[in-house]
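For clarity, chains are labelled A, B, C, D, E, F, G and H in written order, and residue numbers in each chain start from 1.
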Amino acid sequence: MDQKSLLELLKQVQKGTVSPESAVQELKKLHFSDLGFAKVDHHRELRKGFPEVIFCANKTPEQVAAISVKLAEQTEGNILATRADREAYRQVAALLPEAEYHELAKVILIRRGIQEQRGHILVLSAGTSDLPVAEEAALTAEAMGNKVERIYDVGVAGLHRLLRYQDSLLAARVFVVVAGMEGALPSVIGGLVDKPVIAVPTSVGYGASFGGLAALLGMLNSCASGVSVVNIDNGFGAGYQASLINRLGG
Amino acid sequence: MDQKSLLELLKQVQKGTVSPESAVQELKKLHFSDLGFAKVDHHRELRKGFPEVIFCANKTPEQVAAISVKLAEQTEGNILATRADREAYRQVAALLPEAEYHELAKVILIRRGIQEQRGHILVLSAGTSDLPVAEEAALTAEAMGNKVERIYDVGVAGLHRLLRYQDSLLAARVFVVVAGMEGALPSVIGGLVDKPVIAVPTSVGYGASFGGLAALLGMLNSCASGVSVVNIDNGFGAGYQASLINRLGG
Amino acid sequence: MDQKSLLELLKQVQKGTVSPESAVQELKKLHFSDLGFAKVDHHRELRKGFPEVIFCANKTPEQVAAISVKLAEQTEGNILATRADREAYRQVAALLPEAEYHELAKVILIRRGIQEQRGHILVLSAGTSDLPVAEEAALTAEAMGNKVERIYDVGVAGLHRLLRYQDSLLAARVFVVVAGMEGALPSVIGGLVDKPVIAVPTSVGYGASFGGLAALLGMLNSCASGVSVVNIDNGFGAGYQASLINRLGG
Amino acid sequence: MDQKSLLELLKQVQKGTVSPESAVQELKKLHFSDLGFAKVDHHRELRKGFPEVIFCANKTPEQVAAISVKLAEQTEGNILATRADREAYRQVAALLPEAEYHELAKVILIRRGIQEQRGHILVLSAGTSDLPVAEEAALTAEAMGNKVERIYDVGVAGLHRLLRYQDSLLAARVFVVVAGMEGALPSVIGGLVDKPVIAVPTSVGYGASFGGLAALLGMLNSCASGVSVVNIDNGFGAGYQASLINRLGG
Amino acid sequence: MDQKSLLELLKQVQKGTVSPESAVQELKKLHFSDLGFAKVDHHRELRKGFPEVIFCANKTPEQVAAISVKLAEQTEGNILATRADREAYRQVAALLPEAEYHELAKVILIRRGIQEQRGHILVLSAGTSDLPVAEEAALTAEAMGNKVERIYDVGVAGLHRLLRYQDSLLAARVFVVVAGMEGALPSVIGGLVDKPVIAVPTSVGYGASFGGLAALLGMLNSCASGVSVVNIDNGFGAGYQASLINRLGG
Amino acid sequence: MDQKSLLELLKQVQKGTVSPESAVQELKKLHFSDLGFAKVDHHRELRKGFPEVIFCANKTPEQVAAISVKLAEQTEGNILATRADREAYRQVAALLPEAEYHELAKVILIRRGIQEQRGHILVLSAGTSDLPVAEEAALTAEAMGNKVERIYDVGVAGLHRLLRYQDSLLAARVFVVVAGMEGALPSVIGGLVDKPVIAVPTSVGYGASFGGLAALLGMLNSCASGVSVVNIDNGFGAGYQASLINRLGG
Amino acid sequence: MDQKSLLELLKQVQKGTVSPESAVQELKKLHFSDLGFAKVDHHRELRKGFPEVIFCANKTPEQVAAISVKLAEQTEGNILATRADREAYRQVAALLPEAEYHELAKVILIRRGIQEQRGHILVLSAGTSDLPVAEEAALTAEAMGNKVERIYDVGVAGLHRLLRYQDSLLAARVFVVVAGMEGALPSVIGGLVDKPVIAVPTSVGYGASFGGLAALLGMLNSCASGVSVVNIDNGFGAGYQASLINRLGG
Amino acid sequence: MDQKSLLELLKQVQKGTVSPESAVQELKKLHFSDLGFAKVDHHRELRKGFPEVIFCANKTPEQVAAISVKLAEQTEGNILATRADREAYRQVAALLPEAEYHELAKVILIRRGIQEQRGHILVLSAGTSDLPVAEEAALTAEAMGNKVERIYDVGVAGLHRLLRYQDSLLAARVFVVVAGMEGALPSVIGGLVDKPVIAVPTSVGYGASFGGLAALLGMLNSCASGVSVVNIDNGFGAGYQASLINRLGG
């Protein structure tokens, strides 16, 4: 039952050709009502605070460009495309010249209008090889209107490097902590701070890291409270979750 | 918005105090409509063809008995309780004397009224240790109104035992094939017949059977077409799926 | 013992040179009788309702073309080749110009004669990346003479998209539900309908999806009854199984 | 170097018997400084917002009681003991009569003083077997001063049950979603709401659930954004993380 | 078609009421002939060289005793029951007083008549904890009429203990090598001898032995040629396989 | 202590400058005696019945050719090189023109002199994709002087194809059974024959075959006695083991 | 060839009845010489620096007591029995009253004579639940003559607790670091010190710790250099390895 | 607080403008002191005995060259770059001509000054395919100033080859044992010697070696005491750990 036939039904109620009781019966027949959802769908930006993100992994550059343009017409917010290669960027930029490309994170970001910055998500990474994932998280959070600080290469084998950043650790409201190998950094951060920590295991490592499984299990078994975990290499997911959290305090 | 307030809204439309257009807007605000679903829920037996089954694994005998009585009042169909121990049966039978207990399958079955039998689901098992799971499947199918034939202990290491049952293999409409250890029987059946085969791995075995994993993987990788698989030891699920299939031809 | 020597034996019985009792002893010596099977083999199309499908994964384009021609001579039904690349198609089409190539599904389909359509298998997919597997399932079902409806990109993270298709969900007789990542769509479908659901996990995902393992386990552990599962990415197997089921009601 | 000897050093600087430059050298010798941490430790309640929680799994009832009393002397906040059996409660209650025991969740809770309630964490569970974990999460969040609403038994196989709770879903600030088996509920919730979802896999299930692994992988691979995951059966961890998040908006 | 109706058919051929050609057609209709197999089944001892072994794991003592008696009537060979507890033995011995019980191996052995001993299977075990499995293998081989020598507790961490048994290593025709933990002994034996080695991993170990998985993988990856592997703790299987091999040499 | 110094010691005993008792003490100091082993090494062909096989996987074509020539000088038996590509063959054939290349099996075989054929190893494969592994096994057995029969493409989904080969099944002394996917063929063979079966899982399959793991587990859990297993794709190992067994009956 | 026949041979060389050259040939026939090893075996204490340790897991209290007494007669060093329950201790102590029982570690230790203490192995544990394993390591090292310092409950979620022990960290020569859950402590220690770290994962944890697998993988993937790992819960192995290392500096 | 502001604070104490008590309060505010660590960091070579090693796996040749030059300026010790390809070497050698390239191990080594050799680490490998990992270990140990002996291709399937090296086995102080496939060599070595053994599993193998998992599990479950394990293929880690151990005896 679409909007039009609903209106038709209601007009018949108005005219008296259908009784209210019959109309209730009619509406009850809807097993899966799509009334409200349709509206929500047109207002997805309001409902989730951010337009659809483009996950480019299985899309051609042409598809990415086409979707970008379509989203740019439908929304006034930022547009984010993750796992995008340089060719996808080239085709997007030909149509939307304001697009930025972040090579390390493989992210295309189209910043639009001026966004009030909400304060302070801190993204940390254990090693330099974790940077692509950390940057994906950081750029996602920026695209969603957050202030983001980055502290990279502060793995647990060199704790003193981490401990220099006391002020940043105390100032942040939400933490995204990215680590491969044994994935211990979120536990250390979780023990130092009293704010939510989103842990991101990366597939960095070799041998018995099993593509990030070691880091994932390490983070799930963290002895520190206040740590939750997203999928391996899911920088976007962590940045998104951190943004939802940070927005609560807005 | 419950049924009553919906009726109220429609009456206002009828009276003209609310325009059809406003009513559409009002109805569109419903994000998650429960109108239709509520009705469906009271008619679950119609929708799914069978009343709620009682999974007794984490319930006390008292809870099983109470739920059984409640279901007996709400429905006229058979009632099935799986993974039930003897004590649960004792308490159910005290209240519903017609209850049967099938010890091997750990199933309580309450047959009610006369059900037209739909024809011929064949349940096969590879070894005698697979019988509890096979019986759970067979009794589930019987409870759902199917004719069921059982052929047990016809594992692939003694093919001649299986090949004796040619007539049964040709007559059945749906197959439930239960096997532990290497789980090869469904592949053999799937190669002999042109009917759907529901494969059930069991946790029978030791060592590298890893609690049924070997049988499960074997069945998922079956070289025969027409085989699909349910969870380890899930006799109920197989009997249920076979019943849904058998009913199609009704 | 081939057919000729069997006839010889029976003629000797007729002539009286071999007694019936001796002939019984002779026939009992057959450990593995191939009498009946040979016949069945020539009649495979009847027995299984469909000619041998060509699984192209480890075959050269030349081999695929040669087998296609051979099957085209032996049978009058449709011919299906799965996991076929464009070059294999090119070589098949040179010999059998009526061959169609479905690039997304990597399927070659040769439709022959007019087939009475049996009604309504519904193929659903959770994401756009699941399309190749979903199309393999849909084309297999079509090749086996079924009416197929497709509803794609209705993953559980946007339930409202799914719920719009109420009519289709109520009309279908068998469901093939294709999903990667967490593989939750079959559970949702299984809870809404009272028809058999064949679930197909795909290898779509990354990180802890472990090549489709996450989706596979999710589907095997479905809390909905009436769901069975085929191997990861096995669109063909699901389409085949759904066709066997749909034919029951024919 | 403890506080006393630090003071001594500084007095020598003041007196001029040690030059500032020498004092810097002295202080630089500290490889692992414990100055600040010691203070933090005495103020742990301030730093993390909550006193040490007692994890009773490997402790005797006597040990649990002793630790409870010690914590009651050191802090004025609530005290929480998880995985506690009835005997542990008995011994705690003998010394601290205000202790409550929540049998399902195996939680001892000692509520002290009046705590300003921060608003609205919503705890959902898919099945009745998930209740112990869900209650552990809910009681943890309550002990940390949050308003908690519970919606239980709304698994994805019966979506209509969930969709009735539209108002609650829209009102909550943080979600804890508990599910065993295929673990699909967090994906569905994550697709409906725009708030952070903490997913908790449970070990409920059998066969290929592998002690909660299926649910865990399902949640990590959620196709919905805004979902992060804690360890299997870790209701406490989810309640704690949700409390940290909810406090941000305080 | 059973033996009787077959005879009937042949008599009709003899009488001329059925032509040989029609009889061939009749016989060809048999899809799965059970003629020969039936005979084989009554002669299983001849076909496989040994009567059915009783696997007691899921049987009651009463069942074990009943099956033992039945086998004793049907065969003249030895009877073997594995994974038998003392109570099963007690009940067997009450009926068959010549039964022996081997407690370590949990084996009941009924030696009957005089068997010509075929020469020399050597059973080795790495540690004392592997003895139950090694004894199950040794007793199985003895029950099947082989001479068996045992060398136990010669693990690779003390090679000199093994190397003392040079004569035995050179004299044996078949080797059964039983080891838990890292399972390295079969590789060492396989490198020293030029006879077939059947490797048996045991579940002896802890931690990362994962119930025998480490030993199993070690044996499958043996760098020595001439080693094949049976299931974890499957002493019976190894003894059986070794017996089949040893029998080849007459 | 090499041979020369041993001789020196013994000469001193002869001369009387060292007493026999002292010489015993001297000899007892040898912790790891290499006396005998050295001899064995020069006689490896005798000890193991076959010269060193060349595993080409990590070797350059030049290395393979050089080792082939060296072995051809040291031995008079056949020479076998496995996992060899065409280029390796080209370089070997340039130096040893009698070399044969078996492309499917990736085996180079250099047959030398006339070898008395020992009778009858039967190599079976389930599918055509298993042929490379089956051929590696068959050629290895031929190279070690066995008569080999091949029966390919007789998987369990078409049992009638297998059952036609009754005579071959009854005639063979040792079986090598190669199968991928669910790996069920060895169980069926093991149930039909009373000879040793060496099972070889292959990595043929996709999805939940996990590179041959499904077939491997299936074979290890075979419900048939008399089956032992080698590593995934290890055709060489199976052919070698079968040869050792077959030689026993020589 | 035993010692006696060797002496005989040498006497014949002395007498001239056997030439040195013949004797060399005779000795070369030994395939597996056991000359030297026999001696080594009686001197195992010298060779490995410590008498055989009793692993009590699969032994009866009587067996433990008997072995203890036998070892006490054969050696003058300390005697260590691991995984011993109280009853085993009772029976040992009845015969060897100087035996100590360490309940937490389940270790029986019999200290004998005065041992020069080698300096400073530091045993750290992350949590209180890791104490049994840590104590097994510490007592093993003490039994092997090392000075041992213990620092327990210094997990990475409370780094400040660890950092207080700067002096101990700088003074130790070898580290044994015991941790369950995510197993991150060895990485932190390995980053702070320049001495070898032996990491011991424990099975402490639940859910996705998978019996210590998470900790094991974490330690194997440590981002700190200088860390090696023993089996899960293998406190004895770590203490033994640390002792071998510490002795090097003696 | 950096060094400069600390000095400023202390000068104020000296001047009397800040009291010692206030200064203590000021210093106690430091939650994470970086005083000492900063110094340590400039002196990393002293603290860990070796400059930062360059792990080239994810770095461009340009980055490797740049880091090499920077390290060459900051330190006087050797410089080691692992997992380096030939192009990285070419660019390093252009700037630092004394650089050596070890192709097998993929190691760049820049030897500088004369280093006193500490005695005798023995590196063994089981097969020729393990050489790259073994060489990485050996070169790492050499770069850290150790005497290194190599014994390669002495796998357990040919024990006599190993036993020839008695003198080397007795002379070494630390062992690095590298093996793929079943990974049994460390157990054999650990049983022969009384020195620490660092075991390195390699990913050499196929099928059920699962990328080195079989070897890894084998080593972790070693029945020999005195063995600890590093990650799969982690030759560097083993060489580093062995060097730390060997230095203890300096």
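Definition applied: a contact is a pair of C-beta atoms (placed from the backbone, for glycine too) under 8 Å apart; a residue touches a chain by one contact, two chains touch by 3 or more.
What you see is a predicted model; the values in this text were computed from it and never measured.
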How short can a path of touching chains from subunit A to subunit E be, counted in steps? 2
Of all chains, the one whose CA centroid lies most distant from that of subunit B is H
Of all the other chains, whose mean CA position lies farthest from subunit A? E
Whole-Å distance, C-alpha centre of subunit C to that of subunit D, is 50
Please tell me the distance, in whole Å, between the geometric centres of subunit C and subunit H computed from their C-alpha atoms. 55
Going by the contact rule already set, what residues in subunit D reach two or more other chains? 30-33, 36-38, 40, 159, 192, 207-209, 213, 216, 220-221, 225, 231-232
Which chain pairs touch, all of them: A-B, A-C, A-D, A-G, A-H, B-C, B-D, B-E, B-F, C-D, C-E, C-F, D-G, D-H, E-F, E-G, E-H, F-G, F-H, G-H
Given the complex, residues on subunit E that touch subunit C span 3, 6-7, 10-11, 13-14, 16, 19-21, 23-24, 27-33, 35-40
The residues of subunit H that touch subunit E in their complex are 126-127, 155-159, 181-184, 187-188, 190-192, 205, 207-210, 213-215, 217-225
Give the list of subunit G residues in touch with subunit D in this complex. 128-129, 159-166, 169-170, 192, 204, 206-209
Touching residues on subunit B, where the partner in the complex is subunit C: 47-49, 53, 173-174, 194-196, 198, 216, 220-221, 225-232, 236-238, 240-241, 244-246, 248-250
Complex contact set, residues of subunit F against subunit H: 30-34, 36-38, 40-41, 57-58, 201, 203, 211-213, 216, 231-234
